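Quick one: this structure, given as C-alpha cells, is what I'll be asking you about.
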Amino acid sequence: RRSGEINNLATVSSSLLPAFGTVIDDGYLQLKRFIIAPYDRRYRQIVIKNRWWQTFLVVLVIYSAWASPFELAFDHVATGSLMPVDLIVDSFFAIDIILTFFVAYLDKSTYLLVDDPKKIALRYATKLWFPMDVASTLPFQVIYRIFTGKLKRGSAFGFLNLLRLWRLRRVSKLFARLEKDTRFSYFGTRFIKLICVTLFIVHSVGCFQYWMAAHYHIKEKTWIGAELGNFEERSIWLGYTYSLYWTITTLTTVGYGDLHAVNTREKIFNIFFMLFNIGLTAYIIGNMTNLIVHSAYRTFVMRDAINQILRYASKNRLPESLKEQMMAHMQLKFKTLELQQDEVFGDLPKAIRSSIGQHLFQRTVEKAYLFKEISEDLIVQLIAEMKAEYFPPKVDIIIQNEIPTDFYIIVSGQVDLLIYKDGTEQFLSKLGPSEMAGEIGVLFNIPQPFTVRSKRLSQVIRISHQHFKQIVQPHVDDGRTIISNFTQYL
Amino acid sequence: RRSGEINNLATVSSSLLPAFGTVIDDGYLQLKRFIIAPYDRRYRQIVIKNRWWQTFLVVLVIYSAWASPFELAFDHVATGSLMPVDLIVDSFFAIDIILTFFVAYLDKSTYLLVDDPKKIALRYATKLWFPMDVASTLPFQVIYRIFTGKLKRGSAFGFLNLLRLWRLRRVSKLFARLEKDTRFSYFGTRFIKLICVTLFIVHSVGCFQYWMAAHYHIKEKTWIGAELGNFEERSIWLGYTYSLYWTITTLTTVGYGDLHAVNTREKIFNIFFMLFNIGLTAYIIGNMTNLIVHSAYRTFVMRDAINQILRYASKNRLPESLKEQMMAHMQLKFKTLELQQDEVFGDLPKAIRSSIGQHLFQRTVEKAYLFKEISEDLIVQLIAEMKAEYFPPKVDIIIQNEIPTDFYIIVSGQVDLLIYKDGTEQFLSKLGPSEMAGEIGVLFNIPQPFTVRSKRLSQVIRISHQHFKQIVQPHVDDGRTIISNFTQYL
Amino acid sequence: RRSGEINNLATVSSSLLPAFGTVIDDGYLQLKRFIIAPYDRRYRQIVIKNRWWQTFLVVLVIYSAWASPFELAFDHVATGSLMPVDLIVDSFFAIDIILTFFVAYLDKSTYLLVDDPKKIALRYATKLWFPMDVASTLPFQVIYRIFTGKLKRGSAFGFLNLLRLWRLRRVSKLFARLEKDTRFSYFGTRFIKLICVTLFIVHSVGCFQYWMAAHYHIKEKTWIGAELGNFEERSIWLGYTYSLYWTITTLTTVGYGDLHAVNTREKIFNIFFMLFNIGLTAYIIGNMTNLIVHSAYRTFVMRDAINQILRYASKNRLPESLKEQMMAHMQLKFKTLELQQDEVFGDLPKAIRSSIGQHLFQRTVEKAYLFKEISEDLIVQLIAEMKAEYFPPKVDIIIQNEIPTDFYIIVSGQVDLLIYKDGTEQFLSKLGPSEMAGEIGVLFNIPQPFTVRSKRLSQVIRISHQHFKQIVQPHVDDGRTIISNFTQYL
Amino acid sequence: RRSGEINNLATVSSSLLPAFGTVIDDGYLQLKRFIIAPYDRRYRQIVIKNRWWQTFLVVLVIYSAWASPFELAFDHVATGSLMPVDLIVDSFFAIDIILTFFVAYLDKSTYLLVDDPKKIALRYATKLWFPMDVASTLPFQVIYRIFTGKLKRGSAFGFLNLLRLWRLRRVSKLFARLEKDTRFSYFGTRFIKLICVTLFIVHSVGCFQYWMAAHYHIKEKTWIGAELGNFEERSIWLGYTYSLYWTITTLTTVGYGDLHAVNTREKIFNIFFMLFNIGLTAYIIGNMTNLIVHSAYRTFVMRDAINQILRYASKNRLPESLKEQMMAHMQLKFKTLELQQDEVFGDLPKAIRSSIGQHLFQRTVEKAYLFKEISEDLIVQLIAEMKAEYFPPKVDIIIQNEIPTDFYIIVSGQVDLLIYKDGTEQFLSKLGPSEMAGEIGVLFNIPQPFTVRSKRLSQVIRISHQHFKQIVQPHVDDGRTIISNFTQYL
C-alpha cells in the first residue's frame, strides 16, 4: 500500500515543527476519505481550518474554566442567565467529540499515521478520554429537567459541572506546544501561563470559599457572614469581590485579618490552601529566576570578556593602542555574534556547510585575480575550507615578518598595505573588495612582506596555507593557472 | 578463605546500584550462617524480604512521626486509644534491633563485608545507634505502670516519647537513596521530600503550641484560650485543627491575626519558629528553582540553537532551501539526541565502544558489497572507527566535486544519486539499505563524482577516508578482495 | 559626498562603546550645519554638553515621576506651591523637544547617520514620540486657566498630568545603557534599578489609594477614613505617610490589618495590586538570585579545584611535598587569573596576539644569550609562539631525564639548576632574569640533563621544542648564529 | 638589605593560603625587633597567639554588637550592670589599638612587607581606621562622669555607643576569609553568616523600635504602649521580648497585627524597615538557591549520564550484557571521580605531573617483566606518558583482533586472557598485579591476539602504542633489552 510511504515519513513530522513539512512527496498523500491528517500540507486549508477550530475551542474552554466554579458558588446564575451560554458552548464540544472520530492519529510504537476509521474509533472509545469528554459535555441540569420536569438548583449539579474543567487539558497542551515553538518568546509564553494558572486558582478557590460559606448552617459563623450580614441577599458582584479579595489576600500571604476563617470547616480548607500556596509561590519564583538567569547570560558573558581584557591590559601595561585594538575586536565579536560561523556550523553535516560556503563566498572568490579561470571543482573545494572574519577599523590583520599561515580575500571594507622600513611605517597601497592580502607569503612560503591593517570595518575570507596547498596540489593544471594569474598580476 | 573474594568485589557494589550485582561470581557467596548480606543476589529472596521489611518499617516510622508529637499535646490519647498501637509498633522496632545483629556490614576503610557476628555486635553496640535505638523503643509509660502500678499522665512521658523521632533517620536515608536511583524521577522524589518535611514541621509545631497553651497557668492568656474558652474541654479534633491552622498561618507568613501569641512564653517560641521559617521558605524556593532551572535546560539549548540558525540564515540571506535543510538537520538532532553516539561514548573504554559498534553495524557492513568475503579481523577493525549518522529528508549527504573525506553505508531509508551536468541536476539512481555511497571517490581519491541526497529520513554509517586507508593497508589480501568486489560491482 | 564615509563607519559605533570612537578619521566629520551627531568625537564639547543636558533631564524626570502621582492625590498642591516648579520643568522639556529636531539619527536599516533636517523632522513628527512628548509637556491646568480664566481643581487635570510619566522611558533607556557599560558595576546598576522601580510603584500606588479614598462618597468607609476621621483636613504629610505605609504593608505582604480595604472599589484595586506584587516579588528575588549565583561562581570554581587536588592527593597518598607543590600551583593560578594568556587570547586574531607578545617578551628575548644578533624576522616569529608562565617557589620546572619538550627564558625571579647523582640532589648553579633553562636538551634533542626548580615566584617564557625547530629551520644563517651563541656561552 | 628577600616573597603569601608558607627560606626572617609579621612561619607561636587574640576579639565584638543597641533601648542598663563589662571589653580593644602599631603590613603596590615602625604608625594614623578605632573605644559616659561628676543617662551616650558597631568589620573580614578557606564548608560558613546578619538586624531594629516608643511623648500612642500600658515600668525582659517579637513578625512578613505602628514616626520607620526586608529576603533566598543549585550539580550530572546510557541502550536494543558493562563503567567512573587524573592534571605543569606519575607508577613499572634492567631515564620518560585506569569486573579491556593502540600493566585486581576460536570463547590464563596485557600486539604491531577481560575491579596503567614507540626508539640499548626481556618471557 502506498500510503505506508508517507506514514513512515511521519516519523519525522511529529511534534516539533513546520520545516519538516517539506518531506512529504507529492504522490503519497492518500488518506482514506473524510479522514483528516493532523499535520497535512497538501490540504493546507483543512489544517488551517482545524487550527482555527482548535483556537476557537480554547476560547470556549476559557469560558468554561470561568463559568464552572462560578456556577457552583452562585447556583441561581447557573439556572438563569448563564444557562443558554452554557448550552451553546456544550454543543460545540459535542461537535468536537464527533469530529475526533475522523482525525487520523499517529501510532506511538510504529510511528505510522492510522487512518482506518474503525481503529480511530476503537482507540478513542477505549481510552479514558472518550467517557471524560462525554461526561464533561452533557448538560446534566437540562437533562434532569427534561426527565423530571422540575428545575432543581443544587450543589450536586454544581459539582457535576466541574467535570467541564476536564477541558482544561486543551489549554495545557497548547502551552506545551507554544513553549517549543521558536516563533513565540519563551519568556512571554511562560509568563502568560503563570498568570493564567494563578488567576484560575484564585477564581476557583474564591468560588469554593463562597460555596462553603453559603452552605454553612450558621451564616454568621462564616468568613463572609461575620463581616457582611445577609451576604446571600446582597448582589452577586459584592459576594464575588469579597471571595476574590479574601482568596488573594491569603494567596499573596498578605493576610490583613479583616476576613479570616471562622468555623472549623473553613479552617481545614484554608490549611490545605495555604500549604498549596507555598508550592505555587515557589513555582512562580523559580520560573521567574530561571527566565532572568537565562536572559542575563549573554550580558554576563560579554561583561566578563571585556573586563578580562581590561584587567589583562592594565596589569601587563599594554600600550593604549593595543588595548583599543583588543577592545574593538571583542566588541565587534559580540555585535556580530549571530554572523559567527563557528557557533552555527558546529553540528551541521559537511554538505550543508559546503552549500552555505558556496552561497556566501563563490562570487567573491571567482572575482579574486588569483582564481580566475580555474576549474569549478577546485573552487568548490577551496570554499569548503574558507572562513568569514570581521575586522574592526585600524586592526592589524597580518604583521610584517610573521609566518604565512593564512591569506585573505577582502569582501567589503578597505585595508592598507604598510611596510616598516628604517624604523618608520610607510604606506604602500590600499586594497578594496575582491582584492587579496597575504597571498605572496603563502605562495612562496616566505615571511609576510607587508603589514596589512584594516582601514574601516572589513569583512574578509580567510584560507589557511595548509588547506590551500593540500587542495591545489593534485590539480596540476589549476596550479599552473594560479601561478600565471599571479605573475600577470605583478 | 574464599569469602574474601566476594568481599573484595563488594568494593564496587556499595552505595550506588543494581547493575553491579552481576559481579558476584557463583562460587563466592559464603557468608557465615544466619548472617545476611546487605546486597545479595544469590539469596535474592532474603534481600527482597529485607526490602519489604525496611519499607514496612518506614510506614511505622511515619506513624511514629505523627503519634509522638500528638501524644505530647493530647496526653490522655497517649494512655488511651493510641497506647496499644504504640506498643505494637514499638515491638516491631524491637525485632529490628535484634535483626541488626545478624546483618553483615561493609567496613568503610577496607571495603570488606564483615560477617563475623562478634564484630557486628561490637560495632552496633559501641556506636551511638544502639542506645538510641533502644531508648526510642522502650515504652516508658508501660514500664512505669508495671513498676509503680499507677497510670500517670504527664509531659515527662510525652517528651520521652519524642525519642521515637530518632527513627526518622530511616526516612532521611530512604530519600537519600531514592535521589540517586535513576528509576525514580528526581523531581518527584525531591518534591515529596519537601512536602513530608513541611507537613512534619507543621504537625510538630502545632502540637507543641497546643502543649504550651495547655500547660500555661492562665488559660485565657494563651493563643487558643483567648479565642476559644475552655478549649481543653472541647474535642481533640477542634484543638488539633486550631493548632495546625495557626501554625500554617504563621509558616506561610499569612498571619491573619485572629490567632496570635499572647503570653511571653508563646512570643519567644514564635520568634524562633518565624526565624526558622525564613530558612525553610528559602530552602523550598531554592529547591524549586533548582528543579525548574534543570528541567528547562534542554528547552533553552534547543531554542537557542534554532534561533541562532534562523538569525544566521536571515542575516546572510541564505536561500530558503538551505535554511530548511539547516532547520531539518537541527530538529532531527534534538529528536535523536538519545541516539547520538558522541555524548554516550565520550567516557567509555575502547573495548566497550567496539562491542557496541559490532552489535549495531556488523550485519549491515557484512552485507555491503565492498566487504564481501573479507576477513573477520578487518571488519572488526573497521567497525571500531564507524559512526552512525541520521539525515533528514532532502538533505545533501555528499555534494559533487567535494574532496572525498568519508563514504557511507545506508542502514535504512533511501538516498538519491544525482549528477549536475549542463547546468541541471539529473537523477541517476536510488540507493537503499546496505548500499554504499561515496566509495568511488574514496577508493580512487578523486573528487566525488555524484551528489548524494537523502530522499527520506535515512540512517547511515560513516567511515572516514583516512581511517579506511590506515586500516586496510596492512591487510594485502583483503585489499585485493575489496578491489575485486568493486570491479565486480561495476 | 564625503560625509558618506563617516556615516558608513557609524555602523560600528552604534550602541556599545567608547573605544570605537577612534575609527573616525579626521577629514570626515562634516554633518550639516547646526546638526549635532549623537556620538561625536570631534565636537567633543557638544557631546559632553549633550550628556550633561541628558543627565539634567533625567533629574527632572525623577521630579516628574514623584510629582505627577502626588498632585493627583493632593490636588490643591498641584495648583499651589508645586505649580511654578512644574512650569519650569515643563519648559525644559519643551526646549528638549525643539532640540530633538537638530540631532542627527542613525538609520537602522542602512546604518547611515542621517543629518538632513527634513528627514529628522519627518521621522520625529510621524512617530508616536512626538505627540506623546508634546502631550506630556503641555501644562493643561495653566492653559485651561488662561482660556477660561478660572482656576479649576479636578481629577481630570490630575490624570492629564500623569501623561508626564511618559518621560520615564528616558530613565529606562539610561539603565539599559548602564547595564552594558563595563565602567559601572552590573550588580550596582541592577540593584539601584530595582530600588527605583519599587519606590516608584510604592509612591504611585500610595497616591492612587489616597485619591480613591478622597473621592469616595462616604469618607468613613474608606481605608484611611475608617482609621483617621476627617483625614482630608489633616496635613498632607500625615495622609502621604498613611498612604505609603499601607502600600508598603501590602507590597511586602506584611498586612498588619490596622489599615485594610473597606469598600468594594478599594477591594478590587487591591486584588490587582496584590496580584501584581506576586510578579514584582518574584522579579526582585529572581534578579537577586541571578546576581548572587554569578558572583559566587569564581569562588565555587576555586574551591572545587582545590578540593579535588586535596582529595586526589590524599586518596593516592601522595607525599606532602608533592601535595604542596600542587596546591601552590593551583593557588598561584587563581591569583594570576587575570594574567593568564589563554583566557584572553582565545578569540583574538593572530596579529593582535603577535603584537601583545612583542610588547611583553621582545626585550627579554633579545637579552637571552641564545638569540643575540639574530634577525628581527626570526624573533618576531618565535615570539608569536611563546607563552608566559608563572611558577610558585620550590616547584620543579624541568625534571632530569624528561624528554625535552620546551625550554624557558626566565623573566623575573630565580631558579636553581640541580643534578641528581649517586642518589642525592646536588646544587649546580642558579639562574636569574634573561637566563635560559632547558635549552641544551632542546638543541641536541637529548633528555634534559638537569632538574630546574624555582627558588621563588618566577615568571618565565616557554617555547616548545617543536615550534622552535619549525621556525628556525628555514633560517639557515640565524640557525648558525644560534649554535655559535651556544658554543660561546659554554 | 636581606629582609628585602622575604618581603619580595610575600607577594605570594598574601591573602589565600597556608601552603605558600613554605617559600620562606631560613635565612630571611629578620623583621625589625618587636615587629610581628602578619603571616609568619618561623615565629609560629606568635602567629598562633595572634590568631587566638583575633578570635578572642571577635567574641568581644559579638558582645559589643549585642550590647550597643541594647544599651540604647534600655539606658538604665548601660549605666548599671553592663557598665563594668563594657569597660573591660573597651580596654581589650584599647590594647589592640596599641598592638596594631607593632604589626608589619603588606604594601599593596610594591608587595613588600613594611616593618618600619614609623611607616606603620603613619599608615595607621592617617587612615580613617585609627580615629574610628579610637572613637569606638572611648567610654564616653565614664569620661563625662569623671569630668562633670554627674551620672547622666541619655540617648546621646546611647548613640555614641553605637560607634562600637564599627568593630563589626572584623566579623565581616573573618567571614570573607572563611569563605575562601577550603577547610570550612562553604555552605556552613555562608549559612552561619546569614543567620548572624539576620539576628543582628532583628536585635538592632527591635532595640531601636523600643527606644522610639520610650521617647515618644504620648506613651499610649506607641506600638507597645497601645498593647501594654506602663511598659516602661515592666521588666526589661518583657520589653525586649515584645521588641524582638514585633520586629520578627514584620521581618518575616507574618504581620499578625496584634502589634503595629501607631504614630507617624513609627510608620515612617516601618516603611524603611519593610523596604529593607524585601532586599534581605531576596538576599537570603538567592543565597540558598545558589547553594542548593551548586550542591545538586553533581547528582544531576550523574543522573543525566546514566539516563543517557539507559536510553541509548534501550533505543538501540543493545544486549543486556553490553548495557551492564556500560552501566558498570559509568558507575565506577562516578565513584572514583576523585581518582581521575584528567580533571586534576588539566592545569598542572609537566614537571609536577611527572613527579606524581613517578610516585604512583614507578614501583609497578619496574616490576613489569618487559622493563627489567632498562635505564632509569627511559622509565622516567615512559611514566610521564602513562595513565591510570579502573575497570569494573567483567568488562573487556582489549578485544581480539582490534588494532593495538595501547598496552596495559595490571596494578591490582585480576584479568583473564581469552581467545575466541571455533565460535566459542576459550579461557587461556589469568593475569595478576605487575603482569602485562596487550604488549604482544603493540611490540609486533599486529591485531591483538587475545581478548582481555577484567575478572574483578582492576586498576591498570595504560601506555599508548604511539608514545611507547616514540620514547623507546632513540634508546637503542634499552630497546634491545626490552626485546630480550620479551623473548625470555616467552
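Order of writing sets the labels: A, B, C and D. Residues in every chain begin at 1.
The working rule: a residue touches a chain if its C-beta (ideal position, glycine included) is under 8 Å from a C-beta of that chain, and two chains touch if they have at least 3 such contacts.
Bear in mind the structure is a predicted one, so any value in this text is a computation, not a measurement.
Its interface matching that of B-D in over half of the contact pairs by residue number, A-B stands out among B-C, A-D or A-B.
If you lay the C-alpha trace of chain A over that of chain B, the rotation comes to 90 degrees, to the nearest 5.
Residues touching across the chain A and chain C pair largely diverge in numbering: under half of the numbers involved belong to both copies. Ranked by how far their CA centres sit from the centre of chain A, the chains are topped by D.
Averaged C-alpha coordinates give centres for chain C and chain D that are 28 Å from one another. A separation of 40 Å divides the Cα centre of chain A from that of chain D.
Looking at chain B, residues 253-257, 281, 285, 287, 289-290, 293 sit in touch with two or more other chains. Within the complex, the chain D residues that touch chain B are 198-199, 202, 237-238, 241-242, 244-245, 248-249, 251-258, 281, 284-285, 287-293, 296, 299-300, 302-303, 305-312, 315-316, 318-319, 322-335, 389, 391-403, 405-406, 447, 456-457.
Of all residues in chain C, only 253, 255-257, 285, 289 touch chain B in the complex they form.
The part of chain B that touches chain D in the complex is made up of residues 5, 8-9, 11-12, 14, 16-17, 19-20, 22-23, 179-180, 182, 186, 250, 253-257, 260-261, 264, 267-268, 270-271, 274-275, 277-279, 281-283, 285-287, 289-290, 293-294, 338-339, 343-344, 347-352, 354-356, 359-360, 376-377, 380-381, 384, 471.
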